[in-house]
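Common to both upcoming complexes is chain A, partnered first by chain B, then by chain C.
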Partner chain A sequence: MSLSLDKPERLLRRGAGPGARLRWPFRRSTTISLLSVLVFLALWQMVPALGLMNVRYTSQPSEVATAFVEMLGEAPFYGHAWVSLREFVLGFALALALAVPCGVALGTSRYVRLVVDPPLMALYIAPPLVLLPILTIWLGIDMASKVAVVFLGAFFPVAVNTAAGMREADPRLVRAARSFGAGRLAVFSRVLVPGALPSILMGVRLAVGRGVLSVVVAELFVARAGIGHLLHVYGSALRMDRLLVCALVVSAFGYGLTQVVRRLEERVAIWRADS
Partner chain B sequence: MSHIEYRHLSVTYRRPKTDEAFLAIDRISLAVERGSFVAVVGSSGCGKSTLLLAAAGLVAPASGSVAIGGAPVSGPGTEAAARSAMVFQDASLLPWRTVLGNVRFGLEMRRWSRDDLTERALRYIHMVGLADFADYHPHQLSGGMRQRVNIARALAVEPEVLLMDEPFGALDAQTREVMGNELLRLWERDRKTALFVTHDIDEAIFLADKVVVMGRDPGCIKDVLTVDLPRPRTPDVLDSAAFVALRRRLRESLAEDMAALRLVTEVA
Partner chain C sequence: MIALYRRFEAVIIGTASFLAIAVVWQYAVDAGHIDPFFVSTPLAVAGEAMAEAADGTLLVNLLATLHAFSLALGLGAVAGIGLGMLAGWFPDVEAALDPFIWFKYSAPTIAFYPIFIAYLGYGLPTVVTVGFLFALTPIYANTLAGIRAVDRDLLRVALSFGARPLDVFVRVALPGSVPMLVAGFRLGVGRALTGVVVAELFGSTAGLGYSISQNAQLMRTTPMMVSIVAIVLIGVVLTQALSFVERWTDAWRVDAE
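So, the complex of A and B:
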């Protein structure tokens, strides 16, 4: 099937019957995005083939695809991926478990805010990776230091956004709840938390990106296993095809998880549709 | 004995920036008879909302007291406060809950038994004419519909006293009139004691048995008018000679404050 922009409409109009109708399955915006990817892949395949660039440095989609299939058949690849995944999940879960209560305390108590806000903001703005050398000295070159880096990367966006969500609670809603006799606990669980949920999830979405970045960079820096470590190994060996497979796996993981959180956000925030 | 009784009630607030205290209402005494509809009018900043909030226990008196049915209101969630329910201006509905969820919310907070919450909430949603919209979220409703939900939420907890803080203040003129009629129809069914704050003179006369005029700096009662228009009332009453006379009197009562207000806006 050839691709062109005006194809969808033409195909629609030409439809003979409901069953026989040949219908382009994507919306126009999706079609354009898809097309840009395809054009990029085509150029990438062709430019080294025409000798305009050294395939050694750029590889080619076909090589990457072959490498991908090869690597899927190799046990060590899964081992490395499993290490990275565990580091990420552990650090991320720990961050969520601590960041949400911290953010709640920060968003609801003025005193906690006064004490904790300056150092928190400083750490939020500084990339957690600046602490990587110290963490490596403290925790060694294996999983623990990576879990810590992921934790630091994911903790702050969640804590800061949770706090913001709690702080931005509408006082009119709180007052209405209190007028019906809601106590502190009920105001908290029925008004503040549901109101802050979209904001908390936004923090989680940002945290996914930071967490993935943290795990890969930490492994690149110093490690004996993990996808980042693989990236390092293939980079040193100039195996562009395999290096790119690793990069794709990482970005697919990050993208997928971000999309999951985004779906959750949309679900939780249907009521924000008017704003 | 009167149903709501304000005795020499003063309330002070703190200004947000300077933290200095100022008197929002000054030694107000007011008795609201059981089953009567009392409207409170006055220019903005005269403390008319404060009067309501005090009855709901949402602001604490600096001195004096408010009692409902003889029991002093000493805070939200107290027994006396639980005898009333409040209808707020727009935007007091939980945006993540549906119409049904919002009406249930009041019942949940008042700890009604769980079994019949939904059924009871639906009954009141039906009563305010939103039976087809129970699953809608507030952002999908018009301003008038949102206020119907607000009213249903308050009525559903079956309060003895209905406190209404400019419930139609954010609505356009037509919707406002429709809602006024509707409210009157609902109120005339069981004649709960009602305290209704508004800045709309016509609305006040149309709805109330008594209109309390408040003055500002500090908030105090300047005048109380008895509205002896026959019930049930229809919008036709708005053109009657008695209504027009009452309106003139109310405007005179308010004139002084309005002049002051004009001066303030000019200076600002």
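So, the complex of A and C:
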């Protein structure tokens, strides 16, 4: 299941043709989204002023904006972000490098599937984050344990979706390729892999979310550097403005990367429709 | 005999695969290849599980986790299905909620746990809130998509026979969205379990996650493994149960068509 910004045509949508009466530059839905965010920000700004909530717990949009500008000028912030980024990229790259071949084996060989699928599914279903404390004991509190957690978080969605993509290959295409004299390798590289690509990319998109969550949780649990560590420090000090800045930076990163993968998915879908 | 094997091949090989892992694990430690301090052994874990079951610790932690989990999932389902239906039916509601759902989708919820702890304290309320927020998004998104994906032919038929919007919603959109709804619920189960366990690692005083992080601080690998295995088992049992429910709701759909 995926959320998509550009929605298909709505049912029951009331008159919103081009050149409607109002000369308002945005579509109705965009306007409502903007309004609802503005109302939320205004309420958030006002609630502490009205004495309904303690500003120490909730902070305020204005404070968060100030903190954001402050933190952009601080060198340590970039250092922490760099540590988290490296952990994420390493773990994610390792996961991709191993999960795709593993998924291919799972998807194409019946015996591999029968043997490996049950333990794999058990680990896919269970939150890999429960292994975090034990990974910390094995690998220490520095980068290695975070890389391992990201790896575990990202590996399973990619492997499972690659396998599913391989299995769902159109049997007619496979048979057609065989009748025209394609060998096993040709069937694999010309039919199975292109056919499984959308499914693989969907796994990658799911893995991005899990990977980002894994880095942050692992660093929150125990670390000496990284955005998650900053979250922990600011959380303990009840510096909500700075905590929210960190959370927003992580969200923006996850959102951006997910969008990149989504673009790739769309491109693959277009290419498929053409051919 | 062979027919029997064919029928249960997946189960037999799957069980053998788990047994093989346990044997290799036990052997690697017994033969001195790996220090049991790091990985414990299957026999030690089984022994510890028995001991914890006998003195009640396992049951207490298990019940604490399941309690928080069912509250989180229940709240997530009520809010997710309710909001999803509203947003699926009224595009304006969807537009108003969209930015927040997007934020929720990409933000690591757990990053806000210091705020929850400041408000709600260590324990059940914090754990339930995190689990709830984890479960909410997939349930909401699937409900919305299910309502939105209502069959256009059915919709036109209903409208030409004079159905009012409320009739269309109750008689066409709602039954049509059941499979998506169940699929969303299944995703929500996994997410709620993750949320509850992760929140227990950080901000709780009870539960399986709490027992993992507590024993991690004491470097006691065996009890950690007991709790990890228990969580994996909960996940497997719940998912199996739900895929059964899913098949059941799908079967109804096929019959009806």
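Here is the rule we use: the second predicted complex is superposed on the first by the 244 of 275 C-alpha atoms of A that agree within 3 Å, B and C clash if a C-alpha of one lies under 4 Å from a C-alpha of the other, contacts with A are read in each partner's own complex, and residues count from 1 in each chain.
In the analysis below, a contact is a pair of C-beta atoms (placed from the backbone, for glycine too) under 8 Å apart; a residue touches a chain by one contact, two chains touch by 3 or more.
Predicted, not measured: the structure shown is a model, and the values here were computed from it.
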Item to check | Overlay on chain A: chain C relative to chain B, clash or fit | outcome: fit
Next on the checklist: Contacts for A:Ala182 in the overlay, against chain B (first) and chain C (second): which applies, first, second, both or neither?
Outcome noted: first
Next on the checklist: Just to be sure I read the superposition right, which of the two partners does A:Val116 touch: chain B = first, chain C = second, or both, or neither?
Outcome noted: second
Checklist entry - Regarding the shared-chain residue A:Tyr57, is it in contact with chain B (first), chain C (second), both, or neither? => result second
Checklist outcome for this item: Larger residue footprint on chain A, choosing between chain B and chain C, goes to C
Checklist entry - Now for A:Arg172: first (chain B), second (chain C), both, or neither, which partner does it touch? => result first
Item to check | chain B and chain C, minimum CA distance [Å, superposed model] | outcome: 9
Checklist entry - So which bits of chain A does chain B touch that chain C touches too? => result none
Checklist entry - Which residues of chain A touch chain B in the complex? => result 170, 172-173, 175-183, 186, 190-191, 194-195, 197, 268, 270-275
Checklist entry - Okay, in this complex, where on chain B does chain A touch? => result 56, 58, 76-77, 81-82, 85-86, 88, 91-96, 105-106, 108-111, 137-139, 153, 157
Item to check | Residues of chain A defined as touching chain C within the complex | outcome: 1-3, 5, 7-8, 10-13, 28-33, 35-37, 40, 57-58, 111, 114-119, 121-123, 125-127, 129-134, 136-138, 209, 212-213, 216-217, 220-221, 228, 231-232, 234-236, 238, 240, 243, 246-248, 250-252, 254-255, 258
Checklist outcome for this item: Contacts from chain C onto chain A in the complex sit at residues 9-10, 13-18, 21, 38, 89, 91-92, 94-103, 105-108, 110-115, 117-119, 138, 141-142, 145, 148, 150, 155, 165, 180, 183-184, 187, 190, 193-194, 197-198, 201-202, 209, 212-213, 215-216, 219, 221, 224-225, 227-228, 231-232, 235-236, 239
